[in-house]
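Multiple structures follow.
There are two complexes below, and they share subunit A, which is joined by subunit B in the first and by subunit C in the second.
This part shows the complex of A and B:
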């Protein structure tokens, strides 16, 4: 009896607590929409904790970094077509890419009212060189930085083609606040989120995963179009969108019929910049050093069906040129590999792997079975099962080894695998990532799994091209080099891009229709220009 | 009291098992036999492979695919028939391992007494205190996903209940006058075990094992469902895991077959085991039987 009473009591207590919490959040949202004459525009997006939005304390994934970017501007910004001048009005590249000169915009103020000076910019570069930001681009690569009049000069340790992008993305932080900070990752006072960007952080709760950003009235640049951006926690995004609690969600293909009929919804396909690739470890498996075997693997894998089955059609089959078709530097005239098991069998025969006596599996010249171990994480098991099925059809036995994601990443980094499936974003970024994809082991080892390369491929011609593009600062020449590298990659098959996901995003244009995609990124809500008027430096380019 | 206890099971046991079961018990036994039949005859009963896609992805149940297909286009009926093998294997193997092990420990501990008894009882206390599912999750994650791991881990945690019950039974039996008499006439331990203890203990152990089987099947499905099972197997829990990993499955029709059929199979087997276990318990434990 007492237990029952106790239970009842605790139940009541929970109910009271639950009721108490709910109204305290709701009226606040309504308040802000009814305050003055013209109702302020409040946009609500899916929340979750992505860290404190300072350049050093946010979590490394997209949603963390782009919240931070609402507060902190950088020298260059990105629109639909490429880099645009932002805090830097203009820039010049000198001495074959060794020296960069940025002309810093005047009349820019920090959110605490103090003016932004070229000295702040120089300080930011020096600080970023010393302390790696969560998204670190120039850590330990700058030789010298100096501010002179309205110009900031950066001298690099060595020329690097993607350095304009890297310097352009580096967040500019106020010297008067950060010069005292020695441990930036632990600096999470309100001062740490004073930037010069279009939005101010007015609320952050790590426990609830909520953020609130208010438009910066004194912003130097294009006027913020949304008065307040709220990131709220939701358990069922689809229901929340239907109830008007969220203004933007991702939709899977099977849910499209539910929403397409209603003209109030606008559905856009995201650029395919998040992809899966199959790594072939030529160091570990001698068999894979034969280009015919690698090509046979491509022919045997039905990349279109992977998209159909695993992503329900919301994706783009992998291109053997590595760069996804949506990438600004992708070329079309590369060697194509349609799904063709017969071609795969012929190539395997040519490579000396024969199936004897009606056996399903092929044998090595030594008499052993052609068998490979496929490493994947729990999320990719279904994909691995399909690969096993297709490769079995051409006589290759696949053993699936499923481990948790971190173990997989670690083994890929240590190159302790034969075949491995790995998925990550960043496929829209600067084409310089081709280096790590094609010859990751020749260059320095990077900590990020997306920078893990296929092990063992050594092709002097390809290496030469990769080294050339790495230092080529002329955009047109570099574009040609990158095109050549893609053609070469499609011939050599150092790795097999399986597919790039292209999800769909839905929003109500009647409420807000300023969403755009940056040229190299897959998410509408991650673009700074999505929240700004398209005037001045942000004007739409034809 | 003594007389009752000695004669009661004997009279009941003389009837065939079938007639001693209640209606629900009979139904449960039939369902279990049917499932075992499906598991054994899976290759004969399924037209399609349980591993390779045989139709369009996510097809609704039809004549060709009686239970529809999953997102890869693999026939669900085949997966469920083959999945029955894993579930029943895990259930039976765990029950056997834990049941036989638990019974052996119980007998030794009860009959021997002394230090061995005290040590095992404290060990059992410790194991009983440990919350088994969280520990199983940790162990399954540590040893890596495989059916064998699950069986061993489950058995390692579930022998305790059987051991305690058997021990208490042995303690009672040990003091009976006919046992004492047999001992006085020079009966050896093995003779006593075979002749007097085992026949008394077997029904109890059987009930324990049936219960264990039910728990083991649910635990395996649970671990697979959490993604800790063998990811390439086709167990029922794993089918449900894949179905629920499908984004927005409840906003589509797919759950109606992809989720419901494995759930149904699992519920049927576990409920049947519970019902059968209840009936057998009544037969084995005279106190419940009389009330």
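This part shows the complex of A and C:
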């Protein structure tokens, strides 16, 4: 009998506990507008566990690296327009791109109080070359690194234009902490998050997915504008935003009307740097080696409608120049392919693929029907269905093969596909990715998203251009080469970028309005400059 | 008789051990049979960044985690480690598997145990009531109501509760298992906070599970109430409550206990949808994610835990059966 009473009592207790809280305990949305000398400005963002924010232990996928970057600075930073000097006050590139000299900023201190020296910088490069840092791409390229006075010299094995970006983004770590660490990925003590960046990690919980960052009072650079940044677990971001528990969220197109009318919300379109590609395996499928067939595929696919149907308008149709229109090196004067099934049919006829006797499907000269297998993951089945319909209209049969994501990735890497849909980010990055996009299987030993592309493309002229830009360190000359490559790619159709997503981000400017997008990335909250005063090295460039 | 019982216990023990061995082996093999490996990231989720590794770096990592050794060697190493109680080191999460599990287990336990407890108590109570008023108004009201509630999918129910009770009326927090960054609070405050956060997830799980419990209890009770000894008890003039509590419930308990232990066995997976809806830090989400990223040691660890839960739930059920109904233990002995 007593147990029953106890039970009833605890149930009652539970109910009372649940009801006695007043909504007033919740963080308030509107009234914490930052004024001089007002309460500390706390920004709350959507959390989730993305790993311990050290340069080696955050998870390879997801936004863990941007949290890490709040703690760790690098030689160069990114603003709206490009790379800017950061821990390096200045740099020169010598010997035709073989040698980089960085002048290291003085009076920079680690968060444990010790001074940052050029020796630390040299150590960081050597360390990142030896151990796989998740965000440093200098592996196998560096011949020699040395610190001399206030300068760090990096000599490459061979010139590589995108090394400025790679060296510039490599996180600088304190030698006195890391020199003893042999397994950096497993080094997750508090020491592992001592950097020299604008924020300190004060709390992290793996199981709850929470992070708390506090402004670094002794930061060498522009003053942090937000006192603390809190990442908290979120079930429904929209509800949390309306309740004032979150200060920034992504809004889907169907929810936009609900918020646009209210001037308290500011809605920004993200640059379109996350995209889907249709890979064409020319090695496996002889048919695809005919450029007319590849062009016919582009004409037959309605890329604008993909954006409308799949993303409900929140995207940009794929550009055959591969670089998305928002990319700083994208050119406009490339061959355009509007949706035109008639043009597709004509091209296929020219290529000798005829539909005879009123048949819906075209036949190869050998008499077999024109049929291709389209590989995709479960998430892209709708997209694949649309492609199947459109291609059927021009007489090409598509069999959809939907597998789980890792299986698809594995088959793409082994080039065991005919057509494949693959989606990934990084489209805003240094245009050098065109090399691995287009001839990844020839050139790089890279297991990266962009290196997964375009099996069997053989075109000496395009190859020549790609090699040239790879070693060209003059920014203007390189820009021209990249433009030329885009024009050439649009002619040759080595792959079909389907579309780039361009979501909307919403926040309350009255609470904080310092958000900016980096030139090469799509998220306001990922930009370090979003949290800093725009002075000194971070000053706004005209 | 004594001898026989020990013999039987030993047989049962080896049965369990053998099952465990099979499962451990499957746990080892299945993740490795999936295409791809823990270091292959070609595609990302929507809007997600992925870090790149060179093939050399991937080889270095494969070596570090022993994935470059042939399967039999890896298998032997993982078995020996397991015997030492070492579950390995998670490739993706960069932490000991056992630590990750231990940090998450309490949250899942809290959700599932509370839900099993409340749904069993409420289900049995309503089921007994329904059975004793069978065909009357109360039964006719309860029966369709419970079936209807049980048929609502857990995530939908969770979302509805979230929308109305948390977002609309603001009675409960929207997500998570506790208030974060609130500074240090006393034990009582923390306790209340955790209960407050667990309320909606537990309510969801309880509502979803009560229907089945109710039906089971109602059936079992109906059968028992039709027995002669209940009629005798009634004839003695005992009150309905006493008949239900003392004379019927215990006899109707066997199928209910089975169900309770089945629920406990399904501990880890059981709450996954609800954990997702409320962003609750349980094991279900961990399981899903580690399969997605092919984190072999993590997958092995979680499934070992699941296996352990199922086996020990079975074992406990075995023991409790025999106490509830002594005939179960005897019946095997009567066999020639």
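One rule holds in what follows: the second predicted complex is superposed on the first by the 503 of 542 C-alpha atoms of A that agree within 3 Å, B and C clash if a C-alpha of one lies under 4 Å from a C-alpha of the other, contacts with A are read in each partner's own complex, and residues count from 1 in each chain.
Following the convention adopted for this analysis, a residue touches a chain if its C-beta (ideal position, glycine included) is under 8 Å from a C-beta of that chain, and two chains touch if they have at least 3 such contacts.
Predicted model, so just to flag it, every value in this text is computed and none were measured.
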Exercise. For A:212, select first, second, both or neither according to whether it touches subunit B, subunit C, the two together, or no partner.
Key: second
Exercise. Mind working out whether A:471 is in touch with subunit B, subunit C, both or neither, as first, second, both or neither?
Key: neither
Exercise. Scan A:52 for contacts with subunit B and subunit C and give back first, second, both or neither.
Key: second
Quiz item: For A:330, is the partner it touches subunit B (first), subunit C (second), both, or none of the two (neither)?
Solution: neither
Quiz item: Should A:234 be classified as contacting the first partner (subunit B), the second (subunit C), both, or neither?
Solution: second
Exercise. Using the touch criterion from the header, give the chain among subunit B and subunit C with more contacted residues in subunit A.
Key: C
Self-check item: Partner chain(s) touched by A:99 [first = subunit B, second = subunit C, both, neither]
Solution: neither
Exercise. Kindly list the residues of subunit A that each of subunit B and subunit C touches, one partner per complex.
Key: 403
Exercise. Enumerate the contact residues on subunit A facing subunit B in the complex.
Key: 238, 252, 254-255, 258, 308-310, 312, 378, 381-382, 384-386, 389, 400, 402-404
Practice problem: Please name which positions on subunit C make contact with subunit A in the complex. | Solution: 34-36, 39-58, 60-61, 64, 89, 92-95, 100, 103-104, 107, 118, 121, 159, 162-163, 166-167, 170-172, 174-178, 180-181, 192, 195-196, 199, 277-279, 281, 292-294
Exercise. Going by the contact rule at the top, pick out the subunit B residues touching subunit A in the complex.
Key: 51-53, 57, 71-73, 141, 144-145, 227, 231-232, 242, 247-248, 251-252, 254
Quiz item: Which bits of subunit A are touching subunit C when the two form their complex?
Solution: 7, 11, 13-14, 17-19, 21, 23, 26, 48-49, 51-52, 57, 59-63, 65-66, 132, 134-135, 137, 139-140, 183, 185-186, 188, 203, 205-210, 212, 230, 232-236, 239-240, 242-243, 245, 250, 274, 377, 403, 405-413, 422-426, 445-449, 451-452, 501, 503, 522-523
